[in-house]
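See structure below.
Per-chain numbering from 1; labels A, B, C and D assigned in written order.
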């Protein structure tokens, strides 16, 4: 019995336990509201259902949040991801829209490559400001957040560029083996990031830099290079997310693509258990966090919550998520279970006391 | 045995500014340079009223940024400010619309913000949850309250409000509004609080190292809750000023204001990690944003996207110079 | 005497951290007007006991009474208010505030409710002058060396009107003179009727001042003894829980042949190396297999010299040569590439990454040198980490514990282990024995001797002159941030001569140009 | 540095008699808005009016600031598209005191004091909603059973969303069979429209009509409808507002069923008004932009000549 209890404690003590509970509760609430919520059917050889929507729609957020996790792990923050996504989506769509044959795979690949290259440049720009010049991350990336929106609109001339390109569309709404392609991309990128950070020493080094930059420098870590790198990675992730967002609706809207995604991404990272102060980061937590956020948004639509109160609903859930996750909060309700130390036996103590 | 006393550093010349204030002074100098550029480029820029307008138009931002300065000095962050500003304006407008006496409205409006701030502070402290997430929930909540109260903007016609809004306090040829005076009073009170009260010093202490502050026997919890309450109060005052400014409550007003506020505070030289910064710096930060905006309006030839790019560019130039001046001094 | 009542008693205190029983039924009694030494090995539970007392940690069992009243402080604030003033083990001050404020924050002198800055500065200056510290109190605390910070922390604690003063390893980074100052003040306070808890690993300090001693081992109480009735050897035996001869054998081993090893080309040679505002240009050579000790008073610039060798600070004058070839060491990476390692004195801010585990902290430098693409294989990690956990007796011997949760002394050992596994050619040790118990200290000394015999060059900085003398082939004396003397450690060299060199450094100016 | 206010006083660039128009635009939040901006810029060029353009980035505060600065610059006429209806009295009074006439474009303000501005030019959002609703009532007048409508609202709290919702609701009240079964905000964006529509389709087995507050949300919803295996324009009747090019194309292709136009091209009309106001001529208190509605056939005819 006691082993069962310790095993239970092990499960409930796991970092992902409470976020997952929240996710399940949200899904359950939806199912109660509409029993068919969980049903997934096969339509035209594609999986079809609200659950699939949630995962597909959270793919861009997952991508952005992955990059954001790394940035936050170094103690930084990247506000520019939304703008970077918009710029890259816009460039890709602009290039494709100018091709005689928008369905040519080559053209789409070129478009994506060009936009991706731009993303790397933008990431490098952030990286130089933060790591090279030493500007506070929030303000350094704020610059690109503001200017990047302008760039995106400059690219689209303030219009919505509509394209009609099947290969590009695939990125957002295509399917592979009945699964939405976006999910596969998100999985692949997750895998790459996970392998890159956890199979090499990169993850630990990032955590060291975030935990104590000066100590890491004195241990021979090239802190600046690492800091630079995470901003580039973050921008690259944002670019892929930007492709997905624009491919989803086959159009690039410089103003709307990725608007406020930085807040959602940071929220996902934080829900996932990574501290904004830097240090340890948890990719799996980030993904669960992103899923929670998307489920929340979808719930508002699926449960037809009045848009005027939707934000109140969001606020309640977010606060519930953080409360339930906070050990200090749970501790307050578990006082009576406080472990009591077994009293030491007198023999063990062998006090040798001398009167003062 | 002789003990060599550690050689005291040479006496400081009276004109030498303390190291800590160099960044703020550098910022001030750069701000003046920027203003000078405006004057040399656009004729009407040199009107004193332009300067006053920057204060008139940014009075509420200034007040909110002052509150944010407290929070950031402790190493926290408050994302709820923009929404609380909007909520305060909405509540005032809707209560006034219902015919409630302005004094009562003022009181209620000034209580809601701090109450929410207090609640957030308590959650942050007692449950040890990251401020970012708590105040983000607060942001959703306050904005949700706005749309819940009304999805359309509510005009204010109350006599007290309109006279507060339209009263012009003449200074020679030019004028300022009541809001400017309120903002300056808030700045003065905040600067005094930070420099000369225990609460203020504890704010710096927590920002320096919360663990150490705790071990030094400082009231960490109380101070943390206090700063979020103060930020809430400043947001409430900012909300009132905004309702003076626009004579209405609109559910979508002040969206994204938290970023402007944070930007102003950080440009003013306050470290986002806490423990270092001045209210005066925040004033400069707000002015920098105001001057950038004024420069762009005066130019009047930029398209919408170039506006954003130029704002980003000016911000970059400013930060870069500020940083370079700072490095040289280090 | 027996009718005296203890001002403070702690009875049957237990404290459990996840996986560690840090305290197990510990008692402590404090009488007014006594200095009570709390002794024990690294990780014995001394700091935890103190933190339980002042309410930083809650107790899992046991009671605390102050003046006969049962108390349970919710935190240091309450403890301070009740008259328990504490200097915690790591310097826990605020680097972003001025020295004066660090002393007075929380009880600033005020006029009409406003903080009276002028008065505060005046009193701070006065207070520091009493412990012979003459520094600019308006400067940020963070700009001073760790030792200065520690003095400030002490000044802060002794200034309050406390009935109980707790000093957790206050002397770990102080020089003999500062220690003497501190002792003087402690005596004064004791005579005023204050009860003082004193934690240290320096036995002579204990025997110099303590009235009674409480010994802890592995979180358990061993006993409480009047100092006079407990010979040093017995104390050490009680602390480590075994017979002492093993220890003595170690001690003698380190007493070794210190014949100069200056033949051949120096491994590292500094020629006119300096950095304006921090160290005056100096020249110094270090040979393979040589231990160079750096001696000097607090703030004399020893740390700065070490940082120049390591590239932690960039030299702006002079040249550095490694293996006879000029080497531009502009950053730590360049230094590490050339086989230099630097174990810094301030382990909390410049050494460890608190959140990471013991294992990760140990392999960090090695990993950084290999580049992130080539992770140290897990098997090798386990092997290395296990070896050094054992060699340095790091406790608890759990490599996956966050290093933040280790006791101070054990943290120091982790830092040392980090550099030892990189097998450097020049190892710079800045106060490596700070806060380390005697058992481990001899262990480390023996290790240094062994390494140097194996051909490693060591630059050794320690506030303890005996230690420097015991290990070094050559003692370099610093004063006022300049190198004032280089003394060969032959039989004629003793502490007095070194002190003399420090004191009369100005007169020996000539040596600087050696 | 700022003592030369006397030289500033005769500024404004009207030394050469050119009219200076200070225009504060809401932002560039949509293609519609950009077309609006372009129309105004082009017309100003054509009319020989010097345009001081300012983008408020969807913030009322910024617009007020811009108007203040226009007053400082002593422009001849101020025009702006208010972000929200209320809250303009103070700054408009300042303009009035500085004797600068003000023209509102695109959206109205709710000031009680009508003397604060000279005229209003723009479209009527309520009317757009009403026209859409009336068309639907006409279409479904034979419907016997209930007709399920889903609505994609614009940004919650924004004036066009509020007004279009209101106008539409008023119009369909004429037929009790017409029922809005779900209504959510799609933030005026394609992605938003698509995401909301996906859930509408799953939550409501029978959707007969989609009413979207703008073309973009409608276009987004199209994809969701197709993905759900339904035929837009046939299985689901789609009504939108704006008539941007992509929307018109969809209408012409038979994917949409009806669009109420909301024209951004008010530049020429505005410049006329500016000249008249400057010359002190009387102008009507309210000028409506020339707008119409489109059915599929009308769209096919109109498409080749659409400017945006």
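Criterion: contacts are C-beta pairs under 8 Å (C-beta built on N, C-alpha and C of every residue); 3 or more make two chains touch, one makes a residue touch a chain.
This one's a predicted model, so the numbers in the text were calculated from it and none came from an experiment.
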{"item": "Pair sharing more residue contacts (C-beta pairs) when A-D is set against A-C", "value": "A-C"}
{"item": "Computed distance of Cα centres, chain D from chain C, in Å", "value": "71"}
{"item": "Interchain centroid distance [CA atoms averaged], chain A/chain D, Å", "value": "35"}
{"item": "Interchain centroid distance [CA atoms averaged], chain B/chain C, Å", "value": "43"}
{"item": "Shared-contact residues (touching 2 or more other chains) in chain B", "value": "147, 151, 303-305, 307-308"}
{"item": "Sites on chain A at which at least two other chains make contact", "value": "153, 158, 307-308, 310"}
{"item": "Contacting chain pairs - touch in the sense defined above", "value": "A-B, A-C, A-D, B-C, B-D"}
{"item": "Touch list for chain B against partner chain A, complex", "value": "79, 123, 126-130, 132-134, 136-141, 143-145, 147-148, 151, 259, 262-263, 266-267, 271-272, 303-313, 315-316, 319-320, 323, 327"}
{"item": "Touching residues on chain D, where the partner in the complex is chain B", "value": "1-5, 7-8, 11-12, 22, 25, 27-28, 34, 37, 51-55, 57-62, 64-66, 68-70, 72-74, 84-90, 93, 110, 112, 155-159, 161-162"}
{"item": "Of chain B, residues touching chain C in the complex", "value": "1-9, 18-20, 192, 195-198, 201-202, 204-205, 207-209, 211-219, 275-276"}
{"item": "For the chain D and chain A complex, residues of the former touching the latter", "value": "27-31, 33-35, 37, 153, 156, 182-185, 187-192, 194-196, 198-200, 202-203, 216, 219-220, 223, 227-229, 246"}
{"item": "Sites on chain C touched by chain B in the complex", "value": "56, 75-77, 79-81, 86, 88, 92-97, 101, 105-106, 108, 110, 113-115, 132-136, 138-140, 148, 156, 177, 297-299, 479-480, 499, 502-503"}
